[in-house]
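Each of the next two complexes has chain A plus one other chain: chain B in the first, chain C in the second.
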Partner chain A sequence: MDKPFAITLDVGSSLANHTGSWRTQRPVYLDRIPPCNSTCPAGENIQGWLYHAESGDYEAAWRVLVEDNPLPAIMGRVCYHPCEGACNRAQVDEAVGINSVERFLGDEALKQGWKLTPPAAESGKRVLIVGAGPSGLSAAYHLRRLGHQVRIVEAGPYAGGMMRFGIPAYRLPRAVLDAEVQRILDLGVQLELNTKVSDIRRTMQEGGYDAAFLAVGAHIAKRAYIPAGAAAHMVDAVSLLRSMEGEEKPMLGRRVVIYGGGNTAIDAARTAKRLGASEAIIVYRRTREKMPAHDFEVAEAMEEGIMIKWLSTIKRMGEGTITVEKMALDDKGFPQPTGEYESLEADSLVLALGQDVDLSLLDGVPGLEKKDGVVQVATNMMTGYPGIFAGGDMVPSERTVTVAVGHGKKAARNIDAWLGGKQYAPAPKHEAATFDLINQWYYADAPKTVRPQLDLVRRQTTFEEVVAGLDVTNALFEARRCLSCGNCFECDNCYGVCPDNAVIKLGRGNRFKFNYDYCKGCGICVSECPCGAIKMVPEPS
Partner chain B sequence: MAFEQVKFYQTGTFTVGNRLLEPELRSVQADTTRTNSLNSGHRACQGCGEALGARYAIDAAMEATDNQLIAVNATGCLEVFSTPYPETSWQIPWIHSLFGNAAAVATGVAAAMRAKGRETTRVVAQGGDGGTTDIGFGCLSGMFERNDDVLYICYDNGGYMNTGVQRSSATPPAARTATTPAMGPEPGNVFGQGKNLPEIAMAHGIPYVATATVADLRDLEAKVRRAMQIRGARYMHILVPCPLGWGHASADTIRIARLAKETGTFPVFEAECGEVTSRLPIRKRLPVEDYLKPQKRFAHLFGPEPATATLARLQALADRNIRKYALLEET
Partner chain C sequence: MLKQIEGSRAVAEAVALCRPEVICAYPISPQTHIVEALGEMCRTGALPGCEFINVESEFAAMSVAIGASAAGARSYTATASQGLLFMAEAVFNASGLGLPIVMTVANRAIGAPINIWNDHSDSMSMRDCGWIQLFAETNQEALDLHIQAFRLAEELSLPVMVCMDGFILTHAVERVDMPSLEQVRAFLPPYVPRQVLDPAEPVSIGAMVGPEAFMEVRYLAHAKQIQALGLIPEFAADFRKTFGRDSGGLVRAYRCDDAETIVVALGSVVGTIQDVVDEMREGGVKIGVLAIKSFRPFPLVEVREILQHARRVVVLEKTLAVGIGGVMSMNVRMALTQVALKGYTVIAGLGGRPITKASLHRLFADAHADRLEHLTFLDLDRKVVERVLDRERETRRSGPIAENILRDLGVVAARI
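On to the complex of A and B.
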């Protein structure tokens, strides 16, 4: 005992006192699924690639992006970005410009010549893909990366499907389309153009294919019976947009009327305007609220001087004139004829009334179910005939490029599983990162970067791209607006705010872990996590 | 503002760290090499604001002085929960003497260091609001008046919490404590009493006075760093919510401190030689109810018949702070 007077014990550290035993609840780290990811029809890990874009590592961002979608430069132009509609940031100020960052990454990849990752090993299986549209290309990419031999057979003269023959060049420059298609072909995907598959089972047998993915699209324009004189010039929107890809540009005249209210009608009207029409009038039988076309496209069209006659149907077409009947909405909101007529001067009439699918290649295939002009598929995208899968516009769906790309990915995963005699089981979905989990204090306000638009005059007269892209500085700015909902971005808040030093920082890229020996379960880390990546759970007994 | 405001649109500099920031621009608390002066295993309640505030401040002081620091502690929660004999949570030289004499002991330690020629070793005295505004006030005022080279930090949780939540001269008006019960015609602590110690310190004309909360870490660290650049008597007053005494959820400690600042109830500013030199502006002004409602010590104001007159008086106090310290103006 050489201790000083009245001292009987050695000095000890409070580390001997395991305060974790006080706890009734414990914090746990988790990844929640952010609204952008859960809304994306192509299943992109949007928050995941924005995370890399935020640090300026655009190649890493692009690589995460193309894990799910091989066409980012196209997506950045034609996707209707439901992700932005769901973005939590919209409730703080404005949604993150996800689509414009995606386009920036896509363009950067083309500029830098980044290549897709080739398959690690060959499986020895052969898969036939019918149709080189977004769905077929997406399936081809994913199947090839899984090691399968893939051959795309396309009826048309070019790859791209509706991206080429339906979407005007002012929205999707052909150089971009060609470059992203070529990058997929560079993985060793074979493409055979100008070949129509008329009997799928024979083609599969002759080629020795183990499975097939059909994505022929919907290319047959729907018709409506409109009495017309011999001199009347009537054309359907699908043919009009398709003929824009040929040498001879179509002749529509000075006054063009477009019949229909979908995005195709808008594309046709804007194309007519660019071909020199002084008047392009859309005739639609219902109201703007009921119009299936996307609102921003309608707005852009109207800015360009496209006129729209609401609540009107076309009764007949004579030489240089069209007779239109006015409609009125009934109690249930359906348009009913009123018997009032008026005449519109028109040199030509473009019908944009929707499209049907040519299903003749499936004639005689047993077990198939066709309904409303499309093929029914199971949740694994397989038709009623084993080994034949289908996706894109030819199955029941919303007909957009992004949905088609999503179908291609989903089908590829299921085909891969089917070829291996297995069932594809998607990973269980994480819980949703809703807005109430966001701690808004930690996010500063910043307006969305508005993509500079070409001036109106230029875009009315040329086919130059209407919406310009972001550059390096504002793309970074835009990416950094991401709230990283539900996914740790290593802000060190939990590490800093713990009154008990019970959070261990594992270093860059490795996030954090709790030291449950000392964590008292106060929950401050959960409250102060900006993005909702921690939750409290009852202490296991 | 005392620290550089880096504009990050994703997270501002409001977070503790930020992977997009240069390491030297991150806070001390983001660094794995921080001192952790108040280590794990201390016996503070769940969600203790004082434990958090003390680690924030002392870690920052350690960094600012190159780890040449001695801390003197008044009696109070901080001392009781960190050093039950023979254990200690402190990972720095630390001394406790009595409830009321922390400022005087610190003065003595500083004098001893000077006598030994160890001018680079700096001294911090710390205590709760009871040991500062009530019991240790005489020693503190003397330390100010003599301009002794000590930084005194008061962790203000508005009462004597570890002895059972009794009123102190820092308890806010209308708050319920064990000694100011929520009953009678004017329930809770009386209006017009108590002390505003930051202003009293300023009236001494000492070189540096600052207020801070546990909700603004970077501001707090910048003020400690500034204080350690100055010789002479310095005073910091840090608002540290107390889940036990204030009756709020343990997870809400930082949120409550943030609301105190955003409502204007607790003005965050710094002053040199008696003059205000900067303030932390309110980002989004909120009514005092937002601050009061989550706290059970103010629950009697929100019964079936809300005490509108009392709430109006509390709002008027906040409005006066906002006016007086120009808390709505961008700096």
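On to the complex of A and C.
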């Protein structure tokens, strides 16, 4: 070709000029921890599994999910999803429906019969787990995957702990619970039911265990002294919810009063309503803002006709009536008695005032520290007695299924390290992917997908599951709402905007790298990265 | 086909008949109607095979035109005033790379103060950018010049700017003869780029060139423009053959043969001057007018041939080269090297000020009697400028000039 003189040149004629030498700062690719991951009490790699769900590869998504949490179908129903509260997308339109996608993946796994990955090799170590609740099951799963022999000893007649005896079936259908437990047992985890461990050291010694993880839960209902007549019918919420699992359904009468303000009080009230109570009234001594129950559960309960008497305490119970004293908040926000009384008609009173732990199995174990009714553990989840670890409701922390699952995982990793005579060192935390790093311009508006709810009348009368799941089409949509905060998703923006062609594409799945011979350090890639996966650092001197 | 349409519409239809393949535009008055009409034609299918790209700025408009043209597409854009200034860097690149882009400039003043009306400051600011600059006298000529411009641009591989007076032409509805697609096809061959990009044989266009070759590149650009001096009359003649009318060319002389006074002008004002010439001729004044059609390349020889027999030349321009006077008069002066005749520069019509026959009569009478100063500002309100100058002599910081003038005139735009 006859090329125009000095206008059309051979390729690469400018490459002699290494413009990278002008640079005073350089861009670097990095991974930042997204708010969902950093908030998840179970330590899930949420963005990681959403990434696969976005491409419709649900099995890959599920496999990333169960790296951290073996109970996604349960989690997608009962988790209070702090991830969604932290989600950066909430500041754009609405948080990504992480919980609903998780449930979809969990249900899909059960439907398709996906199995957990068995251990590659056996370690020859034996670990005892006391309690088959979420924490125990989680620890069992992780320890088994690390190659240890695991045996769960459970005092109750079924596995699941508080997930079975505390959470009503309308929130967690028992078939889902059974299936996810069974999948863990299929890995070779042994389960022994109806066996109460009364002396942990003896059980360990007799069974030849190298370590133990205790997760007995908090099953003992707290009581309050309420003067009551002989005919008064009083029951605690833990017993009420537990008896729902038996043959005989409890008798509460038409007018039921529930005393307390936590999630258990809400569960008890909604259960009473479904058992046929025409009135279910929660009596709580403070205001809605101060109520420990989660707001959406309070809202769902109120939709179902549960009434709540705020700023009230119960003074005594007679036959068919309860005397209530009105309270007023003082300037510090604590409720103080006013001396004003009123009566409520009630056939029964359910006490939902919190739960204690039965720590008797630890009697006589030296080195333990017990405080506020729970066992103290070190950061590695080990009690003061070497080889005995503990987690879930019996250690100081928030009492939710998700926290318990997180304890199980953390304990398992530390037990594994301890068995090998090592110290478990968690990977260093990445920088936070905060909202200011998100370049919103690049994301289209996409409102959250709302999960369908059961018709109100059926909610009040049956124990059918209240909230339904997503299906294949809307789960995909919901997953794709993820902004991938702080982690490259290969959108090619940096590759496209670089004025020096200094971004080298490494091929699908391998992301990019910079050609520092030509990168002038202009930082356009950083400001145009949608998700904050590039940052500028000073040029090394 | 005869049509009674707006000048912008006429240009748009003519551009469409040239079948451009890429049009990229950013709106700015008084050019907007042209690209609006073209956008509509692309959307309705009236202009098939053309990609209309809404860009984010004039800089982008010219950059996209450069890319499209380099890739082998017949490319068109339009702009005016500040828009032309904003695209300036890319304007130079287009000509430097020798890309045959055609651009309409709907001539408009340049701020500040902001002014949307007609004068030639915008095109003149780009007079040395390497583009061919053609000026239209009428709407008919404006549309005809676009057809010639594509042929000229593609023959030389140089970009062509077709300049037409904003509002005076763009917004005037008048009769034009719109050619048919067949006629345009007969005149304008398909675009064959001087180099075809081929992914199998990659090249680098417009990369750095050092002192060892840069001057030669510039010389070649100049040589191209000198070639255009031959091609422009040739294509105008060919145009006449196909379309049956005179349009374009380098210059057009009117009643200059025996003229003692010749007025030189650009663009639509030539029509008014021609009427004044006719009226003065009736009074026995030997006066003529020379319209410059091609400002770049500047037809030094043709201008000299016509002017050298006159006694005086009056260059009437719609631009002020601040600090010296006229832009075109310097070019005319160059043409008259070693020719002794009187020369007057008249600055007229800045920012859309009307150039009336009455004023021109007075002006030309003064010129003919050699009563003009070397540099004259037509219809300048002396009282206003003297008041300002006085005020500034008295008070060092006397406030914003434009606002003060408006207050003096009683036309207060903003009450301070």
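To be clear about the criterion, the second predicted complex is superposed on the first by the 529 of 541 C-alpha atoms of A that agree within 3 Å, B and C clash if a C-alpha of one lies under 4 Å from a C-alpha of the other, contacts with A are read in each partner's own complex, and residues count from 1 in each chain.
Rule of thumb we're sticking to: a contact is a pair of C-beta atoms (placed from the backbone, for glycine too) under 8 Å apart; a residue touches a chain by one contact, two chains touch by 3 or more.
Since this is a predicted model, take the numbers as computed values, not measurements.
Once chain A of one complex is fitted onto chain A of the other, the partner contacts of A:T19 are limited to chain B, with no touch recorded for chain C. When the shared chain is aligned, no partner comes close enough to touch A:F296: not chain B, not chain C.
When the two structures are aligned on the shared chain, A:R480 is found in touch with chain B, with no touch to chain C. Touch criterion met: A:L9 reaches chain B and chain C at once. The partner of chain A that touches more of its residues, comparing chain B with chain C, is B.
When the shared chain is aligned, no partner comes close enough to touch A:Y341: not chain B, not chain C. Of the residues of chain A, those at positions 9-14, 17 touch chain B in one of the two structures and chain C in the other.
Against chain B, the residues of chain A that register as touching in their complex are 9-19, 22, 54-55, 441-444, 446, 477, 480-484, 489-493, 495-502, 505, 507-508, 515, 517-518, 520-524, 526-528, 530, 536.
Partner chain A is touched in their complex by these residues of chain B: 7-12, 14-20, 26-27, 29-30, 32, 36, 38-44, 46-49, 51-52, 55, 82, 85-89, 217, 243, 249-255, 258. Those residues of chain C whose C-beta lies close enough to touch chain A in the complex are 96-98, 157, 194-196, 201-209, 213-214, 216-217, 220.
Listing the residues of chain A that touch chain C in their complex gives 1-14, 17.
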